[in-house]
C-alpha cells in the first residue's frame, strides 16, 4: 500500500466520500469565500486606490488580519453561534467567515496598488483626450490595474484553497476530510493523499490563472518597457498566501 | 578599499538575531515544553499523554499529580488525538503513560474479540498488548460509548435499545468521531453486529461539543456520546441500551511503557485506580463543563481520596 | 467562567507563549537563511526564475496538519516531536521568501550595482555589501508577512497536542469555555504584532540611509 495506491484506488473515486465529490465541495467553499471577499475587497480597493486615502489603515489591517489564527477563530465563531443557529449553518458560517477574512487582504492590496500603479502617462493622456474622472477610472486605471488585481485574486485563491481544509474540522466536507479522517484513523496514505490533492488543485488553479492573465490583461501591459530599470511589479508583497 | 560602515551594522543585526534565535532555541526548547515537575533531561521523566477529550485529560492530570506527589518526575503531553495516533506515540516513545479504556483498547488491538465483561476484557487485554507496553490494575470506574438520541427521537420511534434503530436506519444519520468510520466499536461493528447501516455517517468528534451540538440541533439523529457526559442529563438525551454488547466493558486502566514502570508508579496508580468510581467521573466532568480548571478538579479529587 | 481563569493559569499561559515564540522564530530565521541562496539563484538565472519561484510557491499549498504528520515518517523523527513543526514552518517560510529575496535583489537599481563594480568590488562583495543591504526593505516586508503567518500556523499544532498557544483553543473548545479561547487568540495577535514591529525596527536599523517615513 502506498499513497499512489490510495490515489489510484477506484473505490476512492466513487460515492459521496469520493475524491470528485470532495473536490467539488472544496471548490464550492473556495468559490463562495472568494466571491464574497471580492465583493468586499474590490470596491474598497478601488476607493482607496482612487482617492489615495486610507492606504496606511488598510495596509495595516491587512497584515493584522493575517495574524488571526484560523483555527482559533473558527472555534470561537462556532461556540458563539451554536446556541442560536440551526442545522448545517452552524458549521458553514464560521468556515466561510474565516475563509473570507483570509481572502480579503490579498485582493484588497492587489486592487489598490493596481489602481495606483496605473501608468501616470496613460492617465495623463486620457485626461488630455478629455476623459472624465470616472471614464479614466473605467477605461484606463482599472485595465492597468488588472495584472496586480489578478495577482491579488490569485494569491487569495491559493490561500483559500489551502485553508479550506479546515472546514473538515467542523465536520464539513472538502479535501480536508481526508486529512482529518486520515489523522484520526492513523491512515497515513489517506492523509498524504489529501495533501497531494490540495497541492494538485492549487497547481491547476495557478495554471488557470496564468492562462486567464494572458487572455484578459492588455498586451501593452505585459511588455516590459525598456525605460524601466526593474521589472514592472507583477506581485504584491502583501498579497502572499499562507498555508492552512 | 575602505570597509563600508553600513554592512557592519547589518552584520551586527544579523549576528544578534541569529544569537537570539539560538538562545531561544536553547532555553525555549527544553524548559518550556515540560510542564509541572520539569526535569533537566527528559530521559528519566515519565511523559504522560492523553486523548483529545476532556475526561482523558482529566484522568491523565490525576495520574500526573498523584505521581508528582510521590516524587516521580513527569512531563505532560496532553490532547494528542485519537487512539490511532496516541498508541503510535506510546510505541515510539513519544509518551510513556496514559489512561485507557479497557474495552475500546482491546477492540483496537483485536477487532475479532468477543469479550464484553470487565474480567474477560482484562484477561484478553493482557495477551494482546504490544511488546514493551504494560497495563496496571483496572479501575471500577467505567465510561462507555453510548448511542444517544434526543427525547423527541426516542418518543417518535419508540427507541430503548440499539436494535430498535434497525427498522428506521435509512432515515437516521449517525454522528461520531472520524475514527469511527473504520472501527469495530464504531460504524463497522454496528453493521456487523446489529446490521445497522445508517443513512449517513457524519464525522464530528469523540463525544465532544460538535457531536453534542449536532445531536441537539437535529443535524444527526443518533450520536456517539460518553456515558459519563453530564450533557446526557443536561440535554435530556436518551442513551440506547447496547443489547448485543457491541461496546464492551470500558474500565479505566493506566497503560505504560514497560521500560518506565517501577514500584512507586505501579503502587501509586493502582491506588488511584482503586479509588476512582464512575460517579466520580460524572461529577468531575460536570465540574469541568462549569469551567473549573482540570488541575483544581484533579487536586480536589486526590485530596478527597487521600492520595494528593 | 470568569477572568480568574487567566490568573489561575498564568504559569501555563506563560509556558505556552514561550513555546509559541520558539516555534515561530526558529523556523523564520532558518527559513530566511535557506531562502537567501535560492532567491539569489532565482535572481541570477532568468530562465530558472519562474521554475524556482513557482516550485517554492507550491510548497505553500500543502496543508499544515498533513505536513506535520507526514514529516515524521520522512525524517524518522518521533511523531509528536516539535522539531517536525519547526521543519514544516521552515519549509513554508522558504516557500514565501524565495520570491521575496529574488524580487528584493531585482529591485536594486542597476546604477548601484554598476557603481559598486566600478569601485572594484568583487561579485560576492557586491552581493553582501551592496545588493543585500539595498534589498533589505523588500526582504523585511516579506519577513514580516512570514513571521505573522508562522504565528498563526503554529496554532495548528494543537491538533497534535503540541503545547503552544493553540492548545488554549482546543481546551476552550472541548470545555466550551470562552476565556482560554479568546485569551489564546488575543495573545497570538499580540505576539504577531510585536514580532512585526521588531522586524520593522531591525529593517530600519539596517538601512539608515532610507527616509524613515517610507513604509516598508
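Residue numbering begins at 1 within each chain, and the chains themselves are lettered A, B and C in the order written.
One rule holds for everything that comes next: a residue touches a chain if its C-beta (ideal position, glycine included) is under 8 Å from a C-beta of that chain, and two chains touch if they have at least 3 such contacts.
The structure displayed is predicted, hence computed values, not measured ones.
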item: Per Cα centroids, the chain farthest from chain B; value: A
item: Pair joined by the larger number of C-beta contacts - A-C, A-B; value: A-C
item: Separation of chain B from chain C, taking each centre as the mean of its C-alpha atoms, in whole Å; value: 33
item: Rounded Å distance between chain A and chain C, as computed from the means of their C-alpha atoms; value: 20
item: Distance from the mean Cα position of chain B to that of chain A, given in whole angstrom; value: 37
item: Per-residue multi-chain contacts in chain A, two or more chains; value: 78-79, 180, 183
item: Residues of chain B whose C-beta touches two or more other chains; value: 81, 85, 88, 209
item: Set of chain C residues in contact with two or more other chains; value: 158-159, 170, 173, 176
item: Chain B - residues contacting chain C, complex; value: 1, 4, 6-7, 9-10, 13, 17-18, 20-21, 24-25, 28-29, 32-33, 35, 49-50, 52-54, 57, 77-81, 85, 88-89, 92-95, 208-209, 288-291, 293, 296
item: Contact footprint of chain B on chain A as seen in their complex; value: 16, 78-79, 82, 86-88, 90, 168, 170-171, 177, 180-181, 183-187
item: Chain C to chain B touching residues, read off their complex; value: 1-2, 5, 8-9, 12, 15, 18-19, 21-22, 25-26, 29-30, 78-82, 119-121, 128-129, 132-133, 136, 158-161, 163, 167, 170-171, 173-177, 179, 202, 205-209
item: Contacting residues of chain C [partner chain A, same complex]; value: 54, 57-58, 60-67, 69-70, 73, 92, 96, 99-100, 103, 106-107, 109-111, 138, 141-142, 144-145, 148-149, 151-153, 155-156, 158-159, 165-166, 168-170, 172-173, 176, 178, 181-182, 184-185, 188-189, 192-193, 196, 215
item: Touching residues on chain B, where the partner in the complex is chain A; value: 81-82, 84-85, 87-88, 175, 177-179, 181-182, 200, 202-205, 209-210, 213-214, 217-219
